[in-house]
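In order of appearance the chains are A, B and C, and numbering begins at 1 in each one.
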Amino acid sequence: MSDLTKLTLTDAVKGLKAKEFSSREITQAHLDVIEKANPALNAFTEVTSEHALGMADAADTKLAKGEGGLLAGAPLGVKELFCTKGVRTTACSDILSNFVPTYESTVTQNLWNEDAVMLGKLNMDQFAMGSSNETSCFGNVINPWRREGEDTQLAPGGSSGGSAASVAADLCLAATASDTGGSIRQPAAFTGTVGIKPTYGRASRYGMVAFASSLDQAGPITKSVEDAALMLEIMCSADEKDSTSLKIETPKWTDSLSNGVKGMKIGIPKEYRVDGMSDEIEGLWQQGIEWLKAAGAEIVDVSLPHTKYALPAYYIVAPAEASSNLARYDGMRYGVRQEGDSLDDVYSTTRAEGFGDEVKRRLMIGAYVLSAGYYDAYYLKAQKVRQRILMDFEEAYKECDALLTPTCPSAAFGLGEKSADPVEMYLNDIFTVTANLAGLPAMSLPVSLDKQGLPLSLQVIGKALDEDTCFRVSKVIEDAAEFDAKASNWWS
Amino acid sequence: MGLEVHAQITSNSKLFSGSSTHFGADPNSNVSLVDTALPGMLPVINEHCVEQAVRTGLGLNAKINLFSRFDRKNYFYPDLPQGYQISQFQYPIVGEGEIEVELEDGPTITVGIERLHMEQDAGKSIHDLDPNATYVDLNRSGVALMEIVSKPDIRSPKEASAYVKKLRSIVVALGTCNGVMAEGNLRADVNVSVCKVGGYDKFRETGDFSHLGTRCEIKNVNSFRFIEQAAEFEARRQVNLIEDGGVVDQETRLFDAETGVTRSMRSKEDAHDYRYFPDPDLLPLKLTQEYVDNIKANLPELPDQKKERFVSEYGLKAYDAGVLAAEADKAAFFEEVAKGRDAKMAANWVTQELFGYLNKFDLELADSPVSSKQLGGLIDLIANKTISGKIAKDVFQKLIEEDDADPAVIVERDGLKQVTDTGAIEKVVDEIMAANPDQVEQVKAQFAEGHKKPKALGWFVGQAMKASGGKANPQAVNEILKQKLGI
Amino acid sequence: MSVTPDDVRKVARLSRIKISDERVEPMAQELNGILNWIEQLNEVDVEGVEPMTSVVEMSLPMRKDEITDGNRSDEVLANAPNSADGFFVVPKVVE
């Protein structure tokens, strides 16, 4: 029975439709694996077994009648950032540790509308602020992968560490995630999974706990490129409840992802060749180029001159928006309120106790860069630099259809290895953050293992609204790479 | 002085959520998850509120900005659920304009409008339900407001209240705000500063605010009377302070209607860094000129236009026309009364008698005991000489006292008809002349001396009117007297 | 620009985050570390560049003026730390 957890989402959905197994069976199989693995991996913050089996039975009833949606009966995990009706949603922060939404996020509702099954909620960096999943109030997620011959605990990446680890360890068929500066792609890269962040505005932000409104986008973490296309086309929708949601139809990417790259021009941005990048990453990138050439694509060198300014700009824009977005967590209407001897004391104690250190650090940076006298020098400047970065991309896309880069400068690092210096941790997002700043779709997929046996990934960045090209390029690489390595199952 | 007037935009639902704006509902019942600022909730703008703001801008003869934007004003307060107010800080939807304001004692001043922008109202904090806690009701939270900022063109408490009255008459005529101040739907932040003689003129010349002195802002004053009182008190306070060698601190103050004084608001002292930035949950608001022109083409008649029409169409005096045109209901009432009648007489009766009565008893026109139809009927009786103007005032009193009475019926019932029967009048005049031969001689003598209108004649008219119980037609009395006295 | 301990106190106050005296100095250093790194933005020429608003050209979507929500005070108050008689109950506000 445990074989069912090894299926891709696409194959599982086919099997369910063909009645090769029931949703209850595949759901129970996942619940069993979670029970064994979660104490070691800490990927799930809450497993909603009963809820899951209820949804599974409902899906089975439909499937028996030959009905059911595109994900009928498929068990999925949901990042703690998505509000789920009647199921605690905390953003992995103490300040929301008792919060139970009475509403459902649009993204998750879209999944349930297709009769998917929710296994539970997935761990993440607190309020999605982090690159190692070390800031969660539920504790670290442990990467299922280990360096060969070592038992050092590695970070799964962040902020969607729980989503990435659970998909990598077959605890769910696929998971929802979110990406503000690389929070889908970097953990996907650290765990040998596939992740895509769509064009800003494709996925509704309604019911998703906001970190930085102008950067946040939902997307999936999956086991294959095809699964990612399937998940994403269901997660995305035009939503009247989100003013930044694009009022356009979501394409059917699953239909076109195998169309190949013949005649496409793929840009290689020279600025992504950073100092100190390992030969392995360099080699992997070259390998990707060769595969695409072999498939009929033309490779062109392009330049994105403002790349190095992306992270500093990000660390102004994101904290600034966060400092305002997180003002609502004040213990007045919901969440955990601390006692105090005056209103102000209640506010400042509630927020000091409720938020973790990294969140507090970013809220304070955000308030600082927006405060009187600094707005022009920081926030306005950063938004202009952001425009420059977008213009770089627009210039590059005159020469090519998509860009190929590494996803991260390194493979997964050890827990605690980078938490001493915030800036060193931030530098992890150097290749991913540009797509957020420019609002572009970007996808990460695993390609090979490094010398230590850890997965390494490439990233495909597309033009705005051109996820299609991301999928097609990724599919060619996926087919060529034949990456099928799994973390050794040390946890059960 | 400069005023910031907050006017609640008339709309069914809130600026960024679909909950009702209805006043007086149970606590937290007109509240959506968006208004509560629950995690993941997002604003979506109400198109009608945008239209209302544009309409108001046009009514203020102001520039409509085709590009405007919503910013966040960040501060913590229990009735501000998001921890920020969404407000058009940097790029308001309406720019500069100006309005004419008629003062009660005659002159008209021009008050410049600096800007008009849309923003969210906050919820309501109730401090007196529990000695140790504050209760919060979010029904108002997120209701659309227009903040209308004047230029510092206002120089006295009277001008301030006249300005707000005029503003109110415009927004009510436009249907963009119901103007009900008692419910807080129109309220003013009054900025007061005092300066040395000549300082204001220097400011006008140079545009340099330093000539105006430090200003204090009195928050949320919600009646015309309070605006005057608050401004009066505050100006005096500042003058006294300066004369005693003190310095005015720029601060926010509250007006206490009970005692008529303003006092400093402690809680806002340190909250002046609002960290404004564009709301990333919303996009810039871009309008087309066509959209604006379309609204402009469909504007209702505004008080100033109505006033002009009343002057040209009905021949009213500017002041009366202004009073009648200021409020849509009053103007409509007047026009109903004036229709097919002597408009000046109608204007007199409406402004003098009816408004005089309503003001005396602090009544609204809607509560008037006399309808336009009744008043019109009364004027008809004067016009066709059934009753005199004097008797008409008595009939008016009866209309007030009795329910739904017909003035013609009252006149008939109480025998108030004017006597125009010359025979009856002649009889009365004969009797008076017979009883007062000295007076007869006096009139004749005065006439002979060359007085075209002998003084004593008035005495005879008075006697005749008195004898007829006021019902005699004064003109007829005059004619007959002259004839009998041979003058 | 360098963040002073006073700046830290001010920003903590604006953010309503209580900070102990012994944390002020280290926090100033942390913020300086980050802000110094951010300073490199000064190298970028942004002359004539408009600040970014949105990546995909679209107009602000508007909704009709209809009452579509409300009358759900149970839900509104469901997660309240303290409520009474339909109100949120919060610490005493002194004006």
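Operating definition for what follows: contacts are C-beta pairs under 8 Å (C-beta built on N, C-alpha and C of every residue); 3 or more make two chains touch, one makes a residue touch a chain.
Here the structure is a predicted model, which means the values were calculated and not measured.
Comparing the CA-atom centres of all chains against that of chain B, the greatest distance is found for A. Just to note, of A-C and A-B, the chains joined by more C-beta pairs in contact are A-C. Chain centres here are Cα means. That of chain B falls 41 Å from that of chain C.
Centroids built from CA atoms put chain C at 23 Å from chain A. Rounded to a whole number, the gap between the C-alpha centres of chain A and chain B is 59 angstrom.
The multi-chain contact residues of chain C, meaning those touching 2 or more other chains, are 10, 13-14, 16, 54, 58, 60-61, 63, 75-76, 79, 82, 88, 90-94. Across the assembly, chain A contributes 99, 102-103, 214, 240, 243-244, 323, 330, 332-334, 343, 347, 367, 371 as residues in contact with two or more other chains.
The set of chain B residues that touch two or more partner chains comprises 33, 36, 38, 44-45, 74, 76, 78, 134, 136, 273, 275, 282-283. Only residues 82-83, 89, 91, 96, 99, 101-103, 105, 205-210, 212-214, 240-244, 320-321, 323-324, 326-328, 330, 332-334, 343, 347, 367, 370-372, 375, 379 of chain A touch chain B when the two sit together in their complex.
On the chain C side of its complex with chain B, the touching residues are 10, 13-14, 16, 53-54, 58-73, 75-77, 79, 82, 84-95.
Within the complex, the chain B residues that touch chain A are 33, 36-45, 72, 74, 76, 78, 81-84, 134, 136, 272-273, 275-277, 280-283. On the side of chain C, the complex with chain A involves touching residues 1, 3, 7-8, 10-19, 27, 30-31, 33-35, 37-44, 46, 49-52, 54-56, 58, 60-61, 63, 75-76, 78-82, 88, 90-94.
Put simply, chain A touches chain C in their complex at residues 98-100, 102-103, 199-201, 214, 240, 243-247, 306, 308-309, 312-313, 315-316, 323, 330-337, 340, 342-349, 351-352, 355, 360-361, 363-365, 367-368, 371, 374, 377-378, 380-388, 390-391, 421-423, 437-440, 464-465.
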